[in-house]
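Single-structure report; data block below.
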Amino acid sequence: MSGYASGIVAILCINLIFAYAVFITAAAGQLNLGAAGFQAVGAYAAASFSNLGWTPGWATIPAAMAVSGLTGFLLAFPVLRTKGVYMVLATFAFGEVVSGILLQTSLFGGAMGMVVPDYLPLSSLVAGAVFATLLVFFLMATRFGLALRAIHDDDLVATVMGVNVRAMQVAVFTIGGALAGLSGALYAHHFSFVEAQYFNSTLSIFVLLFVLIGGTQTAWGPLAGSLFFTLVPETLRIGGSWRFVIFGAAIVLMMVVRPEGMITRTLVARFRRRPAAVKPVAITVGEPHVR
Amino acid sequence: RAQDITIGLNMVKSGALKNLGEATETSVDIAVDEINAKGGINGHKLKVIKYDTGSDPKQAATATQKFAQDDGALAVIGPFSSGEAAVAFPVGERLGIVQIPNAASAPNLTGNYTYAWRLTADEGTQFTRLLNTLKKKNIPINTAEIMYLSDERVANISGTQFYPGILKAAGVKIGEPVAFQMKSFDVSPQVSQVLERKPDVVALAATPDSAGKVIKELRRQGFTGRVIGSQIFADPNALELFGRDADGLLIVAGFWADRTDQTRAFAKKYEEENAKRGLTSKKSPHHTDAWAYDIVYLLKQAMEKAKVTADPSKVAAERTAIRDALKGIRFTGVSGDNICFNAARDARLPGFIIEIKDLKWNLFDQHPADACTDG
Amino acid sequence: MTNATAIGAPMKSITTKALVVVVIAAVFALAIALGGRVIAQQIVSGLMLGAIYLTVAVAFTLTIGVLNFLNFTIPSLFMLTGMIAWGLREKGLLGFAGGWAWLVALIAGVVVATAASLVVERFTFRYLKTRHGDATEHAIPLVSSLGFLLIFEHLVILTLGSESQRFSVPFKADIHLFGLVIGAPQLVSLGCALLVVAALTFVLKHTRMGRALRTIAENPEIASLLGVEVTRVVPVLFLLTGLLCGLAAALFTVNYGDVSPFMGDHVGSKAIAAMVLGGIGSIWGAILGGLVVGLTETLSIHFFGGDSVEMIIWGLLLIVIIVRPRGLFGAVAVGKGKL
Amino acid sequence: MSADAMLKVEAVNKSFGGVKVVQDVSFSVARGGRTALIGPNGAGKTTMFNLISGVIGMDSGAITLDEARIDHLPARKRIGVGLSRSFQNIRLMPHLSVVENILLGQHSRIGGLGELFAPIGWISSAPARAEAMRRLSEAGVDVDPDAPVAGLPYGTRKRIEVVRALMSQPRLLILDEPAAGLNPRETADLSTFLKSATADGLTLLVVEHDMAFVHGLCDHTVVLNFGRLIYDGPTAGVRDDAAVREAYLGARAATVGGAGRAA
Amino acid sequence: MLLEVENLDVRHGRTHAVKALSFGVGADEIVTVLGSNGAGKTSLLRALQGLTPTSGGRVVFAGEDITKLSPPQRLRRGLALVPEGRQIAISLTVHENLLMGVYCRDDGDIARDIKRIYDRFPNLGARRDMSASVLSGGEQQMLAIGRALLARPRLMMLDEPSLGLSPLLVERLFDLIVEIHRDGLAILLVEQNTQMALEIAGRGIVMELGRAALEGAAADLRDDERLAAAYLGDGHS
């Protein structure tokens, strides 16, 4: 693979894991606009452990996931008291607070950032991305995933159906936090350096766009969204600042054409449609018993 | 036909740092054209491959990877900012390719990366020079207050470490440094706080945009003393932004356009070339632009010394040879004469104290580069 | 969820209102007594800063309260006003300079921002056609508006550069009183905002237009069945948004004397905080929220330093959202409907 | 009959901001029987269902299922003790397909994490899915099981709700206007289906305005009016009760035999 | 004919919901459309009001081709629809919902007309200033009907108006329909309550898989064996 391609693949892998982190909560109807905060927690955790000299180098990854997953778990309780736009903004506020704290804390290098001694090559990133993708695909195919989608549509009815809505939401916040942490930890180790300024609200907004443009209805959505967001700007590379304009226009058009995201359930169904087991048959006047 | 010598340019043409970095390309192009017009390097034409990172560190790392693995570049100019350099230096070290940034001036960035060299002036050195000039010219400074941009690394470290240390060492009474951020468009609370302490001068560490706001607010709230500052906002193109409020401002710049015939020629070409490219606001070279121009010549000198051939089969060896050629090099360019590098591979550069008066830059004093005793 | 009922709802009662005023006054008195002139100046600066925030916050709260749409183009409309005004004046496109050029340029800026807002309406409007309201439904226009944010910001950068620019006005915009500096444009901003609010409250609560907007917010299909020309009514709202942003930006420009392609982002995020603090969809809430955020900003800078601002404001917001999920003055949000 | 009462509602009260919507209502539903809850619009029937299923809390009173108090259980746990419901205003999950909506009905039956994380989407012949399909065809819903429910006709969606409620294998099934939007023929089919579904001991409580349906299906009827109980007895007696006729059935009931929906 | 429908086609993706349907409604008629689940009745009414795009055919109202007009434009010409399933604005109060019903009117009789609605549906009067979200299912249905009546259309299309109404109110509803028809409104009625619909209608159309399977005078349809078999089941008639 060329150096350029492997660079882009690395970025893609991180974006993809990050997008799945946001997707898993969005699948249950909760938009997370503070994802960069979780990513930052993972990245700084990995960076700190690495600086403490943990061996082997990759041991920081599960630890960082645990830290950011725990952050998600703890944040879920207060944040889940809110709904809709309030929840979006509560998570946004969380992201701002995290970057504020990191910027202020000299233990984490403040504005100077932190160097990460242990380098992890591209293959680890790919492995991480494959793991996240499989995990989310698997989760979405289980009853757990079904319940998430039910909560997305109507949490009250889901409750009546016996779904423990609160526990589910806490679970996805935890999983989402851990996945965001994974992306952050891999970022830290691959790029060998973290700084608080990087994990800003723009990053949170962009990753949410990955997911919303890709589509929140199936696990294919984030995949499509991250590919779109990583590759389209690259193909537009020649354009300088124009590329952002074109990119913005592409987003707007995308929403006009496919307001529910690039990949919807209907689209997926069309590709793997099995022959309909029961054909709809109508009652014909005169032959009432055809059904 | 002789093979071209390829170098990479890791630059910022879009994103958050666009304004600061967009003219780097112009300077590099000017230098490359000059070199090629005079027969290139060791008989080879010099070719630059450019990559716009959009101010994203991940992209800066990708760029270095691309230059080294795909383009067969022998060395890299850039990346532009400290944040990008911090990410790209380890990549360059792994791949064994020299990178020389022109604006990444945060301290200790080069660490143990032997392929990381810098043609940037140290913030602390420059500020010390400014204070020396103040003393020399008998400008009274008994009390000073520090205001700094906290979410930019260089300004942050200047405001929290260099300025307090240097001012204290010079016997100036100072208060707690006051922070503001890139997004603080209203700095009146900070200014009120600072003026409450009635300082003789205000020492400012910020990018031009933010500095402009602070200077304006200082005057609005009635401050009449001098504002002093370091090289971060020493941008000749920011005069308009500062306006009349900046009268009496003293700053250090790493480049003085009116120094020699060579600098004047460069400044002229710079303005013309930018006008052609639609960068009409870039009229006079910022020191980072001058350094970018010099880096090309520095690389030329190193390549000549290393006798590079641009033979694709010898790329790796020649990259290392360039690094080794940089050791102990003495270089003369638009930024200064007889420039050397210290043990940390950072250049020793001269400083020019500038006073702003009547919407103009005036040379107030100048300091030669420090000698390299350890390099 | 729909917050439409909250729009224009006056604060709960006279007692709440009085209580708020008393508490605020007490805090001021205490602060001034303890801190003297600087604190007084900080409070004045905070209120003035709040005046800018609150105008933008009202624009946010309008679109979100009525259309359930977090309009992320608002920051860029704000920015457009300033940058276009600067561009017209600087590049001599007005045909004349000096004298009143600054005012003409600003008015032109407001016009452009309003026009841009109408363009946004055309494309974000599309969401009204999606069939099923669900938890992420507000995401659709939100995404488009983020697209527009990119477009506007980078078009401006392309044509006018990415630097901060000076926009000077030929008069001193400050009032000096008891040794305090007070920004006149900000005073004007405060006054305008209060006027606009009084008018908006009335319109939304008591007029045909207000009811039509609220019906559209809830279900555009019902609205169209009742004869509401969705394509005619909604633009009115966007027109208002554009005007409010333009007004805020013009006052901002006169006050701070500079513009930049990023000015909108900085004001925008604080305005969002102000809106949420006050309660989404509540216009009075946006006003109070704006003032609270402004004050919090200056006072936290004063007491805890400039780096604490983001943390304190967003931390405060997080706490408010969690303990009082509807904001300080938000009305009861309507749920999904009957079982 | 109170001896084998499955569901007992005792002295239940509920008011919303001062308006008493359910006032001191007591009745019981016989085990294995089919009971109707009827009453004029706004009488409090749906509210009663919401109280029984725990969607809203009551002010006072007691609700017991098989002698055990259930009124302190959260809504999510009530389906676990055997209580399942449908909704008057159809509340299917619009983004889920028909079969997924039905599968959701089984959620309360899964036992532990193992089943929660067992993939159901990948294997089309999984037993859960097979059961869902069987139930659908038993209920006479002829649609593509993978179609999203959003575009389906009203009557079809109504029946999918009933099937979904049945999927939890409840002991007590409460249905809010299951026949609304069905034509007489379909109503009759639904009635037959519900009779067969309750044949093996399932207890049924329905709210319905279609009196023909009620007469055909239910042996016992409870009538609410303005939140108060005005009749509790055999369905056959409803037509002859003056209060019920005046409040609910209207003058026609006296003249036309069936009342309401003609049949 | 006040309303003329020619070869109307409606598709939802791959579902062909209405197939080349032609019929008319006279200015002084009550026409009822019957049909089983999924026959396409709702699709037809929605297409007539302009909520669903048509994929073929023409709709002519009072001599004017309205096929391309938007729902509000159709309403202004006198065509109103009470949609299926209680479509009311739950974030408005009951009274505000009614006021929305007169959105496109500006004559002086509004107050009187609203009072008439309250008289007709006392449940609504008692909840005048409550949020419509708290209404019971039947009350919501009343509100939807009352609101549509206030638009004073020339042709009123009702999609299963009796849904969820108590027998008493169903009776009142049908009386009301007859009454407003006497006031000069044409009615196009979709109903599952076949018998009562055929009682008040002059003509009836039976839809089946998007086509008109039977059409004729209501009285004839009532006695039609085939209809009875299809709708009323064996031994029910």
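By letter and in written order, the chains are A, B, C, D and E; residue numbering begins at 1 in each of them.
In this section, contacts are C-beta pairs under 8 Å (C-beta built on N, C-alpha and C of every residue); 3 or more make two chains touch, one makes a residue touch a chain.
Fair warning: this is a prediction, and the values are worked out from it, not measured in the lab.
J.: Trace the shortest sequence of touching chains from subunit D to subunit E and report its length in steps.
T.: The distance in steps between these two chains is 1.
J.: What is the shortest path, in steps, from subunit B to subunit C when you may only step between chains that touch?
T.: When the steps are counted carefully, the minimum from subunit B to subunit C is 1.
J.: On a CA-centroid basis, which chain has its centre farthest from subunit E's?
T.: Most remote chain from subunit E, centroid-wise, comes out as B.
J.: A-D or C-E: which has the larger count of contacting C-beta pairs?
T.: A-D
J.: Approximately how many whole Å separate the CA-defined centres of subunit C and subunit D?
T.: Whole-Å distance between the two chain centres: 48.
J.: List the centre-to-centre spacing of subunit A and subunit B in whole Å, with centres computed as mean CA coordinates.
T.: Those two chain centres are 38 Å apart.
J.: Express in whole angstrom the distance between the two chain centres, defined as the mean CA positions of subunit B and subunit D.
T.: 75
J.: Using mean C-alpha positions as chain centres, tell me how far subunit A is from subunit C in Å, no decimals.
T.: 30
J.: Which residues does subunit D have that touch at least 2 chains other than itself?
T.: Touching at least two other chains: 46, 55, 87-89, 91, 94-95, 185.
J.: Going by the contact rule already set, what residues in subunit B reach two or more other chains?
T.: 14, 18, 150-151
J.: Mind pulling the residue numbers of subunit E that touch at least two other chains?
T.: If we look for residues of subunit E contacting two or more partner chains, we find 36, 38-39, 134-137, 230, 233.
J.: Under the touch definition given earlier, write down the residues of subunit B that touch subunit C in their complex.
T.: 14, 18-19, 22, 150-151, 178-181, 183-186, 188-190, 192-193, 196, 208-209, 212-213, 216, 220-222, 237, 240-243, 281
J.: What part of subunit C is in contact with subunit A in the complex they form?
T.: Its residues touching subunit A are 1, 3, 64, 68, 70, 123-124, 126-127, 129-130, 134-136, 138-144, 146-151, 153-155, 157-158, 269, 272-273, 276, 280, 307-308, 310-311, 313-315, 317-318, 321-322, 325-327, 333, 336, 339.
J.: For subunit D, which residues are in contact with subunit A within the complex?
T.: Subunit D residues touching subunit A: 53-55, 74-80, 85, 87, 91, 93-97, 100, 103-105, 107-108, 110, 115-122, 124, 133, 136-137, 140, 142-146, 148, 164, 168, 185.
J.: Could you list, by residue number, the parts of subunit C that touch subunit E in their complex?
T.: Against subunit E, subunit C makes touches at 2, 4-5, 208, 211-212, 214-215, 217-219, 221-222, 224-231, 334-335, 337-338.
J.: Along subunit A, where are the residues that touch subunit B in the complex?
T.: Going by the criterion above, the answer is residues 2-4, 6-8, 10-11, 14, 103, 110-113, 115, 119, 187, 191-193, 195, 197-198, 233, 237, 240-241, 243-244.
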